[in-house]
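The block underneath contains the structure these notes are about, expressed in structure tokens.
Which chain is which? They are A, B, C, D and E, in the order written, and residues in each are numbered from 1.
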């Protein structure tokens, strides 16, 4: 469940090509990360997969069903938490389920607890810090019923301290539930720590410049980040990015 | 024969719409209501205020069965094919006129020169004033005519305005009560042509055609009501105040006393209208370009629904 | 409840003080300049008249309140319905919205007599007037509220597979509540004025009638009693809506 | 300019179509049911009357436009001034704002005679009425706009050392412009209505006077001509303000 | 110019103590970073220094002048870009100067160019990506006339690609202008790469748990991040954080 196939996807805005011939696939239960600079079109890709936008060319299929332009087939966590301010944490968290008919408050409470938000079930978003909000949004995505979860830089607003905790926690949850995850980030550490596979985006227009299969064994622990092996991989990916001339002019 | 529906008490329901807020012009109606004259005639009458709408359109549209109107309005309405008919004059002679505080020293139309008149912007006002002034070789161009809208007489003459057109029975009496002395020039003092009927009771043509008996019954009761007011002004005033407690009791009482003799005045019976008066005023209006065309005054009024004398 | 009274006191004492000051100035001016009552009555005269005459007044009051409430409820329902329809049918909105705004330029007072001619003297034309007066602020407020939904939230809902109805009921509707309540507050005060105006079109009782009667029998003091009552009534309506708002709107930071 | 016309056409053809449809229904109904003109004139009759009588009408029109414009300008200036004062003096705002809202419940038409007493029959009381009608939406809109400043921007400005005046002129004022323009649009249409109403209080010419005369001489067709003119005039005012808005407000995403 | 001295600062909100006895000083021309988890009170500290809040106890002085509760003495870049939407990039950038009377558009244009935003001078904020907005906000802070710049997680919304570019750029500017900088972040890499000194915040209530003087020579280049030495320092700081029990429960 949750195998994603993207074929030769292209998308332009106002004549400017943002995505060009993007082909990628994510296998069932795989954790794939797209690493790309800001403005390269990562969120646009998610909007295409989520059916919010229609591609100019190409097709998207999930478990062999064509879902191009169809909504509701993926679970989603946006860049901004987008919590509903009039709902408590608990009610926000079950929103994804609610949209598809089933509510499981017990499980929701459990997950809230696990995310380190125990006691905040009845709090409103305005009472939370930016980081806490992001975590709530993440739990909401995890609780949604779809098999593929698209995470759009979910931890970019968290501090590195908590982010690291969340990484471990995410991996532990993921090992339990084995959902397919497509992750977007611009943080190399994050990508390396979490993924089975990393796709590096070039920009203007975005194409897939490189692909890395990450061999670290699971379960992964925080200490991994501080090993020589990790640093070696980081150098490797960084050099690709420098080679490709990414980074610098990406926004001009 | 009548097509009017009857209510569970077997009474015919009719509505009567006033021309303004209730006042002593309407006493007969309230007496007929209070004394049960309407009921005796098999009628259940509802008396309404018209608000901004104006009674004539309501009566014409059949939203009300009867209304209070005035000869000039009915004349104008008939020119536009608005089907309303006067069925009785409430006051025989025109009791309206131009009033001003005595300090202003306006005693004849000649004195209008250099003064400011406050009206409501109708062409008829200028026509009437100019005809009065012509009679004394005064120049209408030396009069400033200002539209004072809804502003009341007493307020207006405190500011900018020197004289205005009032019904003596109400505003004039209020002045007496206040102890403000007025110079009053009645229209009837100047011209027979201006002695038109105001106010009158009106109905629409469809009532006349379809429910003549209801109209007859209504006028019978109303006649009795005004008769009573003529004979017992104080008691009639009490009835009006009782029906409309928000009116000023003193004003009503005094106004009633003043009006008692003027309802019927010199007419053979209360409510009677003369064709020549209708004809005269229509001609007067036509001559002064206040009417687009002449009307058939026979269709504009009728005495047919007034009770026969001694009936 | 105690907290509410506390808030009322904290927010209310300043305006109350200013009001008192204004009334005092008015009172003193009238007394010193010896302005006749029929021209401009002193506040004391007005209060006294209102007090001593309150018995005669209650049936007018009841009638106006009934009218205003009915009109308010109908007007708001219609307004909301129109807003929801226009929101859910963008094609219709584009066609109708400008006309709605245009319609607000028809002076109600001009329309009113025509309404009476067309619909008679009953309650109907009056309710229509109040409805016309109430529904517009509601429609505008609700439409604004619906449209003002933060794009990132709308985004999320759509990506998560919300259909149009869910998008509306779970996001746009609750998001519009604060705007809606501002609309309701405006409509509530309008409804009282609308009721008074509608009574000028012919009614047997009501504050509008009382006002007209007072005015035509030169009782300026009573006209002011009516004005005061209208203001108090509007304030009450406003207060009730605010109370509902406090109870209903959660989890949103209030302005300072 | 061409772009503007394009927008107008793109946004306008739907409402225009609906309007045409409504007018047609009206026309046909009146003709089929044989409704007399004094009760409800057909649109064709109204247009014809308006057309053939336009010459007699221009001086009324000029007078009303002049009145509305003057009142609008004064009303908006006063409204803005009040809003700025109340915003900069929070203590005063708390004391006066509730009273301002309260004041809106005084029916203007009731106030009118008093204005005449105090200011006579000239232009002054009329301007005052239009001012009263215009200033409120401006004040409310401006105050709302000032208050709605995003806290993070306010934060930055204060940290960067902005004084009260700079905070206002560089942040709160430009931030309030969109809200202000909504207020201006409302005030613009109100000003036309206010002018017509003020003319009922006594004027020698103007659309209000024309309307009263038409009504009292049973020329319902002319009443409708006046209503149409008022609507067109309001629309024009609205359009001019919208144009200014387009020219003045930059860098902000428009609604969809 | 720009020496900051904070003495025994304490601040509570609604009875909850957020900052407790914070004492720190930043020397003229020094680059000091405060490293702390989300919600620990970093922004609150800045609001105190900026005079937006008044401390419950303690005092703040700048160049020996007491500025406790006084505004306008520091240049500031907030967590959210807070650009004025009706101003072009150029006009936004000179806002800080404008508030103090002097405008230097030429320099502003130059800096915009250097920040990789050349050509966007007349663009409005809504036309920029999140990352670009943050960069504009940063230039605005740099152009302000005050000698002490307080940066509140200025790069948290940037992608790591651009962030790295900005780090180098920031350091190059700083070496030219030698302004005093107080920097707040939750990113250890960032803190290490930029700072002369790092203060680690504990939380509930925030206190200064550790202080590290960073010995890397300047100018620093990106490659530094991928060296053994850097990794060693990262391990050292990470372990302090773990020792102090920071990170995990920080938000409960």
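Following the convention adopted for this analysis, a contact is a pair of C-beta atoms (placed from the backbone, for glycine too) under 8 Å apart; a residue touches a chain by one contact, two chains touch by 3 or more.
Predicted, not measured: the structure shown is a model, and the values here were computed from it.
Chemist: Return the chains shared as contacts by subunit C and subunit E, ordered by label.
Modeler: A, D
Chemist: Which chains are in contact with both subunit A and subunit C?
Modeler: Common neighbours, subunit A/subunit C: none found.
Chemist: Please tell me the distance, in whole Å, between the geometric centres of subunit B and subunit C computed from their C-alpha atoms.
Modeler: 37
Chemist: Please work out the Cα centroid separation of subunit D and subunit E, and write it as a whole number of Å.
Modeler: 49
Chemist: Report the inter-chain centroid distance for subunit A and subunit D in whole angstrom, where each centroid is the mean of the CA atoms.
Modeler: 51
Chemist: Quick check: how many Å separate the C-alpha centres of subunit A and subunit B?
Modeler: 84
Chemist: Where in subunit D do residues touch two or more other chains at once?
Modeler: If we look for residues of subunit D contacting two or more partner chains, we find 39, 109, 113, 117, 215.
Chemist: Subunit B: which residues touch two or more other chains?
Modeler: Within subunit B, residues 54, 57, 61, 152, 155, 158 contact more than one other chain.
Chemist: Among the residues of subunit A, pick out those that touch two or more other chains and give their numbers.
Modeler: Residues 79.
Chemist: Which chain pairs here would you call touching?
Modeler: A-C, A-E, B-C, B-D, C-D, D-E
Chemist: Once bound in the complex, which stretches of subunit E touch subunit D?
Modeler: So the residues of subunit E touching subunit D come out as 46-47, 50-52, 71-76, 78-80, 82, 84-88, 95-96, 98-100, 124-126, 144, 146, 150.
Chemist: Which stretch or stretches of subunit E touch subunit A in the complex?
Modeler: So the residues of subunit E touching subunit A come out as 36-39, 79, 116-119, 129-132, 156-165, 186-189, 222, 226, 228, 231, 234-235, 238, 241, 246-252.
Chemist: Please output the residues of subunit B touching subunit D within their complex, sorted ascending.
Modeler: 54, 56-57, 60-61, 73, 76-77, 79-82, 118, 120-123, 145-152, 155-156, 158-161
Chemist: List the residues on subunit C that touch subunit A in their complex, please.
Modeler: Touch residues, subunit C against subunit A: 150, 152-153, 155-162, 166, 170-171, 174-175, 177, 249-253.
Chemist: Which residues, counting only subunit C, touch subunit B once they are in their complex?
Modeler: Going by the criterion above, the answer is residues 38-39, 56, 109, 112-113, 116-118, 120-121, 199-204, 208-210, 212-219, 222.
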